[in-house]
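When the chains are written out, they are named A, B, C, D, E and F in that same order, and each has its own residue count from 1.
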C-alpha cells in the first residue's frame, strides 16, 4: 500500500476564485517572484483577517532594514523551528536561508544542531538568545541582554532577535495546528553551491 | 533600601507626541473606553509596524464572532500565559476574563492550575488542547481534533482555540523580551462579584 | 448548565462536632482571628494526627523569629507554590503575603513569574534557592550556600529558606491529593493598598 | 589524596548533652532498638521544634494501621526517593524495606527502576500514583483515584499513598538542604535472605 | 571575518599510512563503493579496537536480513538522531535513507517532525517505539511490545527496532563527543526523485 | 498471591547447547572466573553477531589501559545507568565497582545521587561530563573539554569518559528493550569492607 502525501492543511483551503482581492494579488505576486505559491499562503487564506495580520507582521520583521542581515533573521527562524519540530518552517525557511547565505549546508546544520553550525561567535550568541526566547522566555533578562551587547548587538537588534523568535513561536504553532505541509520544491532549493 | 517598581519596558517607550497618528488614535480610543492605557500599547508603540500587525492579529482572533465566547477565548489566554509564566498577560487578561465571566475567582484558578478550575468538561477539553499547542504543538494531530469534536467543537472552533494559543505564544514572548510590566490597575479589576 | 463550585476536598470533611477537642479549639481560634476558617483546617482535620503534625511544623517555620521576615517566608511559599501549580497555597498564602507586605501586587508577581517581581536582589537570591529546592533539590550544594552567604544570609537563614520550600513541597502535594479548594475570601484579601 | 567521608550534615549537629530531654529520650530509644542512631535524628535535632513535628508526622503515617502494609509504605518511600535522587532516604528506608519484606533485592529494584521490580500489579498502581504525586502532583485527579479503586484501594488507602509521597517530598528536600549522610550500616542491612 | 568550516573531529585523525591493515582495507572498500569516505570512518579510526567493534555492531544490525527493510532501519536512525540533535547521523543516514527509499523528502520529514512524515501507520508505530527507546527506555514494557505486535511486528522485529535505536544512542553520543562533521556530499545525495 | 521473579529476558534465551562455539567459550570462561554467568551473556547470546560486537566494544573500553582506572570507568557506568534507571547495569556494575574500589558504599552513592558521593573533585568533573553525554550530548563542546583538562584529564581520557558513557547509553537501552534482569548474586557482592 503506497503511503500517500498528506494534504497541505487539516482545514479547508480556499479556491483562488474565493479569495478576497488583496489576498489574491499577494498570492499572485509571490507566484510571479518565486515561481510557485508556498503553501502557507493557501493554508492561512482560510482566514483572511488573520492572513493579513500574519503577513504584515512577517514583513515588518523579515523585510525591513535591520542590524541583522536577512540571512541572520532566517537563521533564527530555522534554529528555533528545528527546536520546535516545525517541518514547514524548517523546510521553507531553510530554502530561503540557503539562498540568502549562498550556503547549501547551513540550514541542515541549524535545524538539527545549531551548536555545531558554521557560524560566527556573534551569530551563536544571537541563536542562544533566540532559542531561550523560544523555549523559556521567562528566563531572559538583563544578563542575557548584556551578553548580546558584548557581541556588538544594539538594543534594536536585541528586539529584532527576540521578535523574530516570538513571531515564529506563533508561526510554528499555526503550522502544527493546521498540519501545514511544505511544498516539495523547498526541499531542494539552494542546495547547489552558488545557487540563489 | 526600598524596592522600586520596574519600568514598563526594557526598551524606549515613545512619547504621545511622537506617535504616528493611527497609533495615537488607537491609544486614545482605548483610554476613553478603559479609563487608562494598558502598557502593552505603549511598549509595542516603539515599533509602529509591529504594533499595527499585533493588534490587527489580536482583534481578528479576540473580537470577532466565534463558536467560543469572548470569555472562553480569555480563558485560553490566561491558562496558557500561566503555563508560560507571563505576568503581563496573566494580569491584564485575567482582569478582562473576570469581567467577561462576572467571576472573581476564575482568573486565579486558570493561571495557577487550570485542571482545578470551575469550568465545564467542554472548557477543560478546550484548555487541554490550548496548553498542548502552547507547550508541545508538534504532538497535536487528528486524535486531538477528534477529542475536541466529541465535545461539540467545530473545525472552525478548533482553529480558533489553536490560533489564540499560538498568538499568545508570540505575545507572552514579546512581554518577556521587553520585560513588559502590567498596569497596577489590572490586579484589582473584576474582583468584586457582579463587577464588570 | 452552570458550572458548580468543586467541594473543598475529595475526601470526607468532619463536622465540627466530630473534631477532637484540641483541633476544635485551634479551628475556633483561627475563626476568631481571621473571621473565617481556611479550608486547609477542615480538609486536614480528616486525619487528626497528621493535622497536629502539619500545623506544628507550619508554626515552627512560619511563626518563629528568623533572619527572614514573615513576609519573606510567605514569598517563598507563593513562589514555590506557583511553580508547583498549587492553587490553594498560592491563593491563601498570596492573601497573607499581600497583607504582611502591604503590597497588593506582590503575590500575583511571585506566583506567575518571580523573576519579574518587585523584590530586592537579596530576595531574588532567596527565591532562586527556594525554587531550586522545590524543583531539583539534589542539585543544591556548597556553591548555592555560598551565593546566599554573599547576599548576607546566615546558615540559619539558609536552613529556613530550604525548610520552608521543603515544607510547602509537602503542603502543595497534600493540597493536590485532596483537591483542596481555597476559600473564596482569600482571592480578594489585601488587594487594596494599605489594607492589612 | 584519599577521598574523605563527608560529614553527616552541612549544618551544626548538637551534642547529646545539648539535646532537649524529649529529643534525647527519643534518640536513646532508637539506639536501644536499632543498635545505632540513624543520622536523620542527629541532623534534625539542630532544630528541636521541627524535629518534633517531623517525627510526629512520620509516625502518624508510617507506624499506624493502614490498608497498606508497613512494607508497602516503605516501597513508596524508596521509589519516590529514588526518583528524587535522595541518597539518605533510599539507603535508610531501603534497609527498612528489605527487612520488612524479607527481600534482599526489592530496595535496589525500587530505587533504580520501579517499573521492573518484583511487585504485584496492585503495588505497581500504588507506586505509579505515588510517583505522580512526587513529580507532578497537580496532574492527579479523579481518574487516578478511579484507577486505584479498581485495584482495590479504599479512599483512606489513597490518602495514605499520597500522604507518604508528600511527606517524603519534604523529607528528601530536607536531606538535600542539609546534605544529610546515611549511616554506613544501612547499606548492608537486610541483604541476607531471611534477615530481619 | 569568514566563518571557517569546523574540522571533522575534535580529536586527532590518523593518516592513511598509520592505519592498521584491516581498517585501511575497510576504508578503501567504502571509498570504492561510495566514491568518498564518510568521516565517521576517519574519526573512529583514532581508536582501532573501538572502530572494529563499532562497525561490526553496525553491520550486524543494518546489513542483515530482517523483518524491517533497510530503508525502515534508516528511518529509525534518522528519526532518533533528529530527536538527539545529531547532525552527523541525520545528514549521513538521511542521504542513505533518501536513496534506499527513492524519496527525496523523507529524511527531512523524519529528522524534524516524524509525526508528520509520509509513512504508514505501521512505520509510525515503529518510530514511536524507537523514539521511546531513545528518550526514556526505562518506560518500555509489555504494553509497548503488544502495540507493535498489533501492527504485525514479530518479536525479532521488536528486538531490531530497539537495537537500532540503542546502537544509534551510542553513535549519536560518539558523534557529539568527537564533534564529528558530516561530509558536505551527504547533504545533496538522493535529493533528485529517482536518484539512487 | 506471591510475586514471582521476572524471567531474565523478554526474548528467548538460548540453551548452552545451541551456542556458537566462541560464545560458549566466552561464557564458560566468565563462569570459571566469576563463579556464575551474568545474565547479560545469556540475554545477548540470542543474537550472536550482536553479542560479539557488544563484548568486543565493552572490552575495548573497559579492559584496556587508560588514564582512568578501571574503578573510575565503573563509576561512569553506575552514575549514568542510575540516571537512566537501568537496573541491570546499576546492580551488575555496582558490584564490580564496589570490588574494584574496595568500597562498599560507593555504588549506592553514585547510582542514586552522584553529586553527594565520596569522590574527588576530579572524579566529580569526570562524572559531570559523563552525565552530560548521557543526557544531552549535543550540548558538550570545547568548554566542557577545557573543564576536564583543567582537572588534569588528557584528550585520550576525555574520549574514554565520553565513550564509556556512550557505550552504556546503548547498554542501558538494550537492558530495557530486553527487560534484562540482574543476577541476584550481584546485589550482595562487594558489600563487606575489604571484600574483593
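Basically, a residue touches a chain if its C-beta (ideal position, glycine included) is under 8 Å from a C-beta of that chain, and two chains touch if they have at least 3 such contacts.
Owing to the predicted nature of the structure, the values given are computational and were not obtained by experimental measurement.
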item: Neighbouring chains shared between chain C and chain F, ordered by label; value: A, D
item: Chain E and chain A - chains in contact with each; value: B, F
item: Identity of the chain that, by mean CA position, is farthest from chain A; value: D
item: Gap in Å, rounded to a whole number, between the CA centres of chain D and chain A; value: 51
item: Inter-centroid spacing, chain D versus chain B (mean Cα positions, whole Å); value: 44
item: Chain centre separation (chain D, chain F; CA means) in Å; value: 28
item: Touching two or more other chains - residue numbers and ranges from chain A; value: 85-86, 113, 115-116, 138, 141, 179
item: Complete list of chain pairs which touch one another; value: A-B, A-C, A-E, A-F, B-C, B-D, B-E, C-D, C-F, D-E, D-F, E-F
item: Chain E contact footprint on chain D (complex, rising order); value: 113, 115-116
item: Chain C-facing residues of chain A, complex; value: 138-139, 141
item: Touching residues (chain side chain F, partner chain D) in the complex; value: 1, 3-6, 82, 85-87, 90-91, 104-105, 108-109, 111-113, 115-116, 118-120, 123, 179, 181, 184, 187-188, 191-192
item: Contact set on chain F toward chain E in their complex; value: 10-12, 46-47, 49-50, 52-54, 56-57, 59-61, 64, 84-86, 133-134, 137-138, 140-142, 145, 155, 158-159, 162-163, 165-167, 169-170, 172-174, 176-179
